[in-house]
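You will see two complexes here that share chain A, one where it goes with chain B and one where it goes with chain C.
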Partner chain A sequence: MNAWRLAVRNLRRNRRRNAATLLAITLGYAGLVLFGGYIARIELFLRTNTVYLQHGGHVSVYAEGGLEGALARPARHSLDPAAQQRVLEAAAADPRVAFAARYMRGMGLAGNGCRTVPFVATGVEPEPFGRILRHPDVQYVSAEFARPVRGRPLPDASEVEGAVGVATGLARLLNKPRVHDEVRGVPVTLLPDCGTPEAGEQIAADANIQLAAVTFGGALSAIDGEIVNLFQTPSAETQDQTILTTLGTLQRLYETDAVTYVGVFLHDPGRAAAVAGDLAERLRAGGLRVDVYPFTDSRVSPHYVGAMGFLGSLLVFVGTLVTAVVILGVLNSVTLTVYERTREIGTFRALGWRRRQVAALFLREAVLLSLAGLVCGALLTLVVATAVNSANIRFQPPGIPGDIQLVLWPLPGVYATVALLLLPLASLVTWGVARRRVRGRTADLLTATAA
Partner chain B sequence: MSFVRLDNVQKTYRLGETLVPALRGVTLELHRGEFTALVGASGSGKSTLLNMVGCIDEPDAGAVLVENRDVAHLSDDERSRLRNEKIGFIFQSFNLIPVLDVYENVELPLLINDRIPRAERHDRVLQAIRDVELADYVRHLPDKLSGGQRQRVAIARALVTSPLLILADEPTANLDSATTGRIIDLMLGLNETRKVTFFFSTHDEKLMSRVARIVQISDGRITADEGTVRRTAEAGA
Partner chain C sequence: MTTRTTPIRLTLSTLLLLAAASGAAQERPAADRLLKDADRARGGLATGITWTATVNATGDDASTSRTFLVKARGDDALVEALAPPRNKGEILLFNDRTIWFVKPGLRRPVSISARQRLHGDAANGDIASTNYARDYEGTIVGEETVAGQPVWKLELKARGRNVTYDRIRYWISKKGHLGVKAEFLTVGGDVFKTATFEYGNRARTPAGEFEFVSRMTITDATGAGTVTTISFGPPRVETHPPSMFNINNVVR
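Then we have the complex of A and B:
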């Protein structure tokens, strides 16, 4: 016989109470792991959208003041070709970097011949964009947003002059529901009579739009664009204004060879802040005046940082509540058990068992009960997660156009973190209650009646 | 030489606002190999005196010396060790652990003694069980045993560490007359064969008639100590 076997036997004594405690630990653990898994899934979704599909990069390098000033005064706050080259070289020299890409952001007016609508355009390099679309995280959590609603992805339409992707909201405003591949051979309708009933059909018949903007030099510029795809942006706010085109097309519109920023994509997102710091230091040491931001900076990713801040607070709040309920359950159970067995404690003490040896008996029982609860909770988590994931439940997260699948994604780290929280707390509570009781005078313990 | 000596031991309990003196200056010596009964009315201080001798309570004044060492100077761990190695306890209501069988209950005091090898522990447990004639009940749980058998398990548990002193608080109080007789025989036999010192409280006339020394306590004071007188007389003769 050893003390662990004694603990197992004692756990069988009051089965109903111990079963209730086991259930509390099981449900609490499963609830926390599932909620943590849900938060982890949302975090990956938001991060993937922010970093890849909104082209922010894990780290973004702007000309000094570029984040705030590039749209209003692009000539002053953009990276010229020499600066671009130095940033790309610095990024390529860092083994933590997977790749880097140049981006241009600009505003202007998009027209269909009868109506003009403001747009915000992002100019991307096709090759890095192709890498982004093939990235496992993008395929795993954001495939719906990476895949165009209609037409071909931009990197696959390199043969089309002035190829643009248009967000579905903007396409609706411009009455441009068709893409290049669907209207191939249809002649572009020039200047339809906007007052006639047929104008709408004429506008919708082709995939041509006109983009107009003020160049970096301050002149007016316009180019023809050909819609090669319609897509959903990962943010509802940008659905009615977003255009995605090649960097070359946008540079042609703004008559510049500058870019707004360089996006740097890492192997490990957890190193974004460190890489940003190192890049900033290296570039500034070389005399380049740049601002470097990790994606966790609220100035470049306000939606991601705000949403994660909220979810983090929610996790702490719910986690505290659930943990408190579980620990109070354990406390209640242990207190009753210890007080019921006071004479037994006295007997052990009279037989020469030391205080800590007696308290350790109760601690072993709590550890065994907690471990059993954690194992049951882990199994329950798997069952619930599998059931929910197979049910293909869809929901619309705040600020996201369209819906996404509710995926519960319990991570090993979440399993371990919650277990490492609950087990020591349950043990600590048990130790405290048992220690307090065994500190009593042995003579009193031996004559005590059950509390 | 005495094994245990109490010098003017005093103990007062507080019951609410009331102070209840349980021992009022008790001086007593217990010698090795003695078979001593402690008698007295309920509330006379018998249990308190046993607790003092067993080092499970501390006096307010006076001293308890075990093998000439003042127990007050020992830490709680040292007192635990003293109890484990030198003193055995037998309780009126047996105090067996209900989830442990006979073997495991008897084994309990040895579990915390790392110096006893596993094989020796096993032998000692079985010997103690044989000594109380329960070899056929080794794997029985306490609730499958009669009152007398349970008390014999308690005696085996007290014996298993080969203590110098066994303290028993009314060991036959919950037993019928036939079982009481067998328990008394067992205790006397152990006293004679293994020279174990017994000090026990009792109201049992049958038990009192068979002991060499009777200590009488009343209102927290020892009012008679017949065995001491007898032994002193024998020593003088």
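Then we have the complex of A and C:
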């Protein structure tokens, strides 16, 4: 008789125990795949926010010391136009690069005519910003953060002089709830009656703010800004201070043509470290003193790297725990089965079966049982993931303003990885138990009492 | 020959020592008085005073210069940028403790902090009249010699949050009560910049003449190596109307 068919028949002999083992494998597999899928989804969410919505790029190129020093000493640590051109050319020459964009980061005070609030601003180029907003990853996992809460996205407001996007927290501090499109034609009160009850209404009536900062030359400067949108930042920490505007507007405020860094966006995020290394080598060989960072460097993406480090540890811990429980269940079941069938083993041996053949019979049974468990687990995963995803369960992850949908996103890679972990382990355990039992003398096996 | 200490001699010596000690204590002026006198030499005049201030900053391989016309009256000051030409017309209005930045073409004035850097390492509060007696709680903590002259060393602690610095160590000359040196400290007590003062100017009032600040040299103490000097032109004592310092009049 075919050994596999024999294994199937044997599995039917102790249905209750095998069903329990099957259930353990099914639940363990589904749990691990769902947890892995959840972490994969969170990773994509954090990566998309870090790389695209926070404009870090997969690779960022700063002037030497720029990452640490650009805010405090911008004139010394920024990229001048010649350096910008060389970085953009080097990026364009690399086929792994999708596009690159120039950015300026700066800080200052945002005023409403009565009070000022500190801001941190990012100046973006409208065309690459439009590409970012249309990127499939952004649309898929972070559409809620990419879409303004009110008003138009910055790339669509090119006709507005001094167009700025203001984070909702900062807008609240400045008492600026309205955007340009909602207050078009409303005259700006030159000097609100600060301190009077009317001041609040006067300030809130228009979308005009002032941005004041120290220029690259060290002088005090200020420009008008027109709020074209209110948006939520992907991090709660930055909600009360973030301003997004065009690179040109920010350069006008700081009276410079320099930029803080060039963000490089790749086709494949997995190549970030390699591209960063190659870019750094190429630019430095050309005499350009730059620092190049992949987004996986904690110095440029401390939140992403920290969160992923924590989730990675959690995955290892939970994964080890669940795997151990499943494998112990298999071990328990196989041990009972093998000892119950000791005389049968003796009979096989007496009929001339080799030890390896007898052990292989048990192994086939374990493989079949595990495969069935994996198939059932995969189906259960699909059912649970579909149910959870369609239930639109909302939750607020730590450090994220507002809530996001709980999405379980089991990737084919996660299915395969967990299957490749559980199947060999279950087989190994079975093989070990069976081999130990079949080593006994045939006479002893035939006369053994039940375990 | 031996000297015999009699009870009368002992009593006399003790009385003399006590008298000397009492005299020394009387000589130590009140910190508040010292600060008021030092403020007057840095623009704190009730009726009105006008001067020019040129701020030169060196650092980051470049030197920059800006000139301002300062009109002060008591706690108020109007600071108008004169040079370079692109900054001409910019105004800083110190309205008691509120500071407004007004720029031609800007739709609204911006309310800023006295701590905001104006140019180089000079803060807005450095360029206008100084009112340390109002803004800081002063304590005399010792006597030292700075640049060859005996000085009182004071520790100043901000009375409120809207002042230029949190803490200042201030050295005021015993003769003339002029601030000759200052160390500016963070809340944590770290010195982040130091300043020395020169008094080559004289201001003339109907009541007489007094020395007036001519140069303030600010050195970054954090290792950046920048030096900023504020050169004060000859002061002109004159009467400024209070309306000059009203933001509504300035922006319209």
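Criterion: the second predicted complex is superposed on the first by the 451 of 451 C-alpha atoms of A that agree within 3 Å, B and C clash if a C-alpha of one lies under 4 Å from a C-alpha of the other, contacts with A are read in each partner's own complex, and residues count from 1 in each chain.
Heads up, the rule we're going with is that contacts are C-beta pairs under 8 Å (C-beta built on N, C-alpha and C of every residue); 3 or more make two chains touch, one makes a residue touch a chain.
For clarity, every value in this text was computed on a predicted model and none was experimentally measured.
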item	value
Side-by-side fit of chain B and chain C on chain A, or clash	fit
Which of chain B and chain C A:441 touches, first, second, both or neither	first
Partner chain in contact with A:325 - chain B first, chain C second, else both or neither	neither
Which superposed partner A:357 touches (first chain B, second chain C, both, neither)	first
Touched partner set for A:218, first chain B, second chain C, both or neither	second
Smallest separation of CA atoms, chain C relative to chain B, angstrom	80
Touching both chain B and chain C, residues of chain A	none
In the complex, chain A residues that touch chain B	1-3, 6, 9-10, 12-13, 343-344, 346-355, 357, 441-443, 446-447
Chain C residues touching chain A - in the complex, by the definition given at the top	57, 59-62, 64, 66, 87, 90, 92, 101, 103, 105-113, 116-120, 124, 224, 247-248, 251-252
Parts of chain A lying in touch with chain C, wherever the complex brings them together	73, 75-76, 109, 111-116, 188, 190-191, 208, 210, 212, 214, 217-224
Of all residues in chain B, those that touch chain A in their complex	47-48, 51, 54, 56-58, 76-77, 80-85, 89, 91, 95, 97-100, 103-104, 107-109, 111-112, 157, 161
